[in-house]
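Presented below are the structures under discussion, each in the form of structure tokens.
Consider the two complexes below, in which subunit A is the common component and subunit B and subunit C are the respective partners.
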Partner chain A sequence: MTEANEKSFEDNLNSGFKIFSPSRVMAIAMNTFTQLVRMKVFYFLLIFSVLIIGANVLFLNFTFEQELKILQDVSFGAMTLFASIFSIVGTALLIPKDIEDRTLYTILTKPVPRFEYLIGKLLGILFLVAVSLVLMSILFFAVLYIRQYGILAEETNQIRGQPTAEQLSSLKETIFSQGLRLELLNGVIAIFLKASVAAAIALVVSTFASSTLFTIIVSLVIYFIGHAQSMALTYYFPEGDMHGALQRFIAGIVAIMFPNLQMYNVVDGIVSGQSVPFALMARLTGLTGFYLVIYSFVSWILFAKKEL
Partner chain B sequence: MSITIKSKIYRRGGMLISIAILIAFGFARIPLESKTEEHLKKYGFRDWAPDISAREQLTQASFIGAIGGFRSLIASVYDLRAHEAFRNKDWASVERFRKITTSLQPRFAKHWDLAAWDMAWNAYAYYRSRSEFCEDDLERWQIERIIMPNYLEKGLGFAKEGAAWTPESYLLPMVVGDIYSQKYKNTKLAAQWYFKSSQAEDAPTYIYRAYATQLARCEGMEKKAYEVVSDLYNNGKIRTLTIRRDMERLENYFIDDLMRNNSLDKLQRMLEENPSDYLISAAIGQFHLKSDSNLGSAVEAYRGILKNPKSPQFYRRQFGFLIARNPDNQENAYQVLKKMYIKAPVIFREKDVIELSNIENHLNIPSNERVTKIDRYTKE
Partner chain C sequence: MSEDLIPAVKIENLTKTFPVPFRKEKVVAVDNLSLSVKQGEVYGLIGPNGSGKSTTMKVLLGLISATSGNSSVFGMNSTETASRGSVGFLPENPYFYKYLTGAETIAFYGKLCGINRKEIKERTNELLKLVELEGARDRRLAGYSKGMLQRIGLAQALVGRPKLVVLDEPTAGVDPAGSRKIRDLIMQLKEQGITVILSSHLLEQVQEVCDRVGIIFEGKLVREGSLQELIEIENQTELVLENSNPDLLEKIKKLINDQEGVNLIRSGKPKTTLETLFLRETGGESRDAKNDS
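Entry: the complex of A and B
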């Protein structure tokens, strides 16, 4: 083959190649999702069902406010736990598993840039977390919906004589204000956003980690420090009293290097009856996007230079 | 060899670039996060600080759980523990656990409500019952003078702190009102707190009625109470028995006041000036009854009241009893009063039932035809 022929052959090859292709990313993402589903992760739904039905049945002799709150606490708690575990463990498993199965080499020998591979993997995980959260939310909302009507019937029966329309509407308003409401969706979204950041952290760690276990442990430590980061931020920007220089320096390092996951803890307030304004949710979403972009970029830098 | 070194430098360079990016990102996001924290504070999502005092209150696992996003769940766990301690009558633990639940989730009004209820009602009632069965005088004195007031104070403290945390809710100010009215019998403070509670957006209508009831019992505030009660009586959706009674009591107060401070001539002049003021007519009627025992004039004055469309229903009952004072009209008056009693016995006060029973005695109504059926009221 002459030099001219070789060049034209390369040009032909590159003519259809795009530097970034959403369809390639989606193909990897869907493949990742399928790969994780085949790991039978959705069996967790059984545990979740048992948890919320248990929370619904066990606390019947409490006030209805307590009953509804416990149901919401248990459900949101389980959702946070499952979403965080999925995002950290799922991400930690992906790259080592692809190396072990040799899938990674098959993908990277094709014209797939490494950052597309990473973004695809991350999206696959986020898709799994989103689907699992949707399924958990459906179960949770269904149980809450049934329970609030059950409570309404019980409370109506306790009224002596025929309840008046005013009594009924007041009772309904009181019960429903603590039952199924649109505000709960913001709680689910906040859980998803936090899990997304956790997945991005695990992705960064997995690009330089030597083992899956290392990735999980380091990601969990960062996840935990991330929840205490707001305390570090308070130290870094003290209100009134000044802390020592060393304390401020350490707090500054923590605040700069670790994500602030405490920001996403709006569920406690939502269960108490507070509402999250749209501006705040938009701000949280924007910050999550910022985290995802930067962490994906860092992952790519590390992964691009990784010898496979 | 040189390839290996180059490769190591290449990889470490990647790590250094990554750290540099993370640091730069850190500096860029801190102002954004601080702003978000401010928003969270503004909207009430930073009502719990994971500080030293919180760490001392909670177990290590609970503290980690609380900062890890499970604060509400941990609060519920302590709520269950408080319930368990309540069942064991371990009031010190109940107080401790209630303090934890309220500090973990201070914006959840029910936590404060339950804490106040456990202290001011449950613990208080437990010690009251203990003092009743206590044979040791010193111990009884301690329970009644120290322990019981102490739990009452604690309950009140929880309710007041909760009211400060949840200004948008009617619940805690109502609980404070309940404690002042039912435990301290302080009608003035109870009225103040019920009024505060009634102003909340979610307040049920009965709280304003509770405010009116307490206000009606406040000495020296009769004028204000009358404004509130008469408004509820005339314009309220529900005219409860308490409102009727308060209205009657307050009107009697003003009638007595008019009678005490004015002569009959002056009252009559006042009536000429304000013919629609039925209270003046009632004062004239009472004047005739009490000062000159002129039943006929009193009846005339009361007839004037009944003609007034603004006059409350209870004047009909009073008029019935007034007519019954004349032995010639007693039979007719009894028939009218009997109808009223059968239709709505609750509007008859205890002293009215006694009076009705006396009329039945006087008319020798056979026991099977009597409407009062209450022997203890009958007087020979």
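Entry: the complex of A and C
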């Protein structure tokens, strides 16, 4: 057989193959999303609704400042919890299950590079987290919107005599400044970014883990260490002492292995009425992008030669 | 030289070892195995459990890497993802996403093969018809029987119009009627010129559909050849008569006994197979087929 013939036949085989195909990645991502949706994960919205309505009912006797604060605290807390659970458990549940069930065989024996499979799975999970957060935000914002008008009516009624326009305007401003405001969106975005990093951590672990349980436990440990990472680094390497190359190297490795998740906790400040500077949100977005790229790359390195 | 001369599959000196945890020695799953499958051929890979059949297939499909040696699909190294563009694979006891319906499953695998949206619809209908699952197209796989799962598995293997189809125990756990359907599908693939590699414990089935057979034992290819070459007993001849009578049989026996060095080993009525009997008595239809509609 001539080399030319061999080459033309090989080219023929290659003709339909793309090294990277967004449509293949999207097929895997949408399949992952459908899988989770059909596993009825959106039932959690019922729990979320109960939590925020409960927060309203239980704390009716508090001052309106406290009531609005508790409602936001509970909502953001539940959103963080659900988003983190979906990220870690969703990732941990799906990839090891594909390996255990040998469903992965049928995918990887199609012209699908392994990194496309990993990216597709990660995107599918992130899409689910994003949709969940949008739905929770709609519920949260709706309850907050209704409640702030309810409070305004209650507070207006408590003013003796006919309230002046000035009094009403001042009251409205005070209540609304602690009610539904654009700043809350930054909190939701920060929660999504943190959940994305958590999903990427679980992705790395699932590429070498032997079971779903192992993936969940190890990912949760990293997730919790991530919240204490900055405190530990500050303790061991106080800022003034961070001069040595070795110290910087160790700090860098620790920061990559255990991302500083405490940085993403901007919701406490938002609930207390502080605003989040644009620079901080940009930094969080950049940092999340960095972690997603690094963790996806590490996952691919570990998964590329995995014997299935 | 024509492209047809490129073997569909070529495995050269393939060795695959697996490490044993906490021990120095390694388990040799495949030992210096070489084989070649021509285009359009149905090749049967047979051997006992643990003989290395599945490992060989996994190397060929890029699921695991060879410790040494090479394997190629239509001349392309099987470690390259692009080589999978011409391959369809049905694993043993396949598990698919049980929350997807039959039609969604085929469409999903079609997308992975790079088929466009419009063609996917046509291809899905075509394949559901081929594997006789049109009636179950909108039912989730969680409700499919084993035979139906095998057939949907075959459909996903064919969705990308592969030139090579690798089937690992395609009839494992399937009833005789379902098994016959899969066998008929393999024959259809052969008629279309598609190369098939089949691994099976059901030797009778291998005998029925395969052109050539390789026997693997302890990781080594111990025999290989065309089916006729392998199973023919060269110094014996078989005569099957229809509507004969005892007188004619006596005459034949006498004629044989008169020949020097020729022995009559046995005579009697040929037997049907249990499978044929089963299919005749049950009307050749499995419950799966009834469930489909």
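Just so we're on the same page, the second predicted complex is superposed on the first by the 278 of 308 C-alpha atoms of A that agree within 3 Å, B and C clash if a C-alpha of one lies under 4 Å from a C-alpha of the other, contacts with A are read in each partner's own complex, and residues count from 1 in each chain.
By definition in this document, a residue touches a chain if its C-beta (ideal position, glycine included) is under 8 Å from a C-beta of that chain, and two chains touch if they have at least 3 such contacts.
Just so you know, these numbers come straight off a predicted model, no measurement behind them.
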| item | value |
| --- | --- |
| Which of subunit B and subunit C A:111 touches, first, second, both or neither | second |
| Subunit B versus subunit C, judged by how many residues of subunit A each one touches | B |
| Partner chain(s) touched by A:305 [first = subunit B, second = subunit C, both, neither] | both |
| Subunit B versus subunit C as contact partner of A:265, first or second or both or neither | first |
| First, second, both or neither for A:211, with subunit B first and subunit C second | neither |
| Which of subunit B and subunit C A:169 touches, first, second, both or neither | neither |
| Residues on subunit A lying within both footprints (that of subunit B and that of subunit C) | 305, 307 |
| Subunit C - residues contacting subunit A, complex | 1-3, 5-6, 58, 61-65, 74-76, 81-87, 89, 91, 93-97, 99-100, 108-109, 111-114, 153, 156, 160, 166 |
| Subunit B residues within the subunit A interface of the complex | 7, 10-11, 13-15, 17-18, 21-23, 25-27, 29-30, 32-37, 39-40, 43-45, 47-48, 50, 64, 67-73, 75-76, 79-80, 83, 105, 107-110, 114, 202, 204-205, 237 |
| Contact footprint of subunit B on subunit A as seen in their complex | 59, 62-63, 65-66, 69-70, 72-74, 76-77, 80, 166, 170, 173-174, 177, 194, 204, 208, 224, 227-228, 230-231, 233, 236-237, 255-257, 260-269, 271-277, 279-280, 283-284, 287, 290-291, 294, 297-298, 301-302, 304-307 |
| Contact footprint of subunit C on subunit A as seen in their complex | 1-2, 5-6, 8-10, 13-14, 16-18, 21, 23-24, 27-28, 31, 34-35, 38-39, 101-103, 105-113, 305, 307-308 |
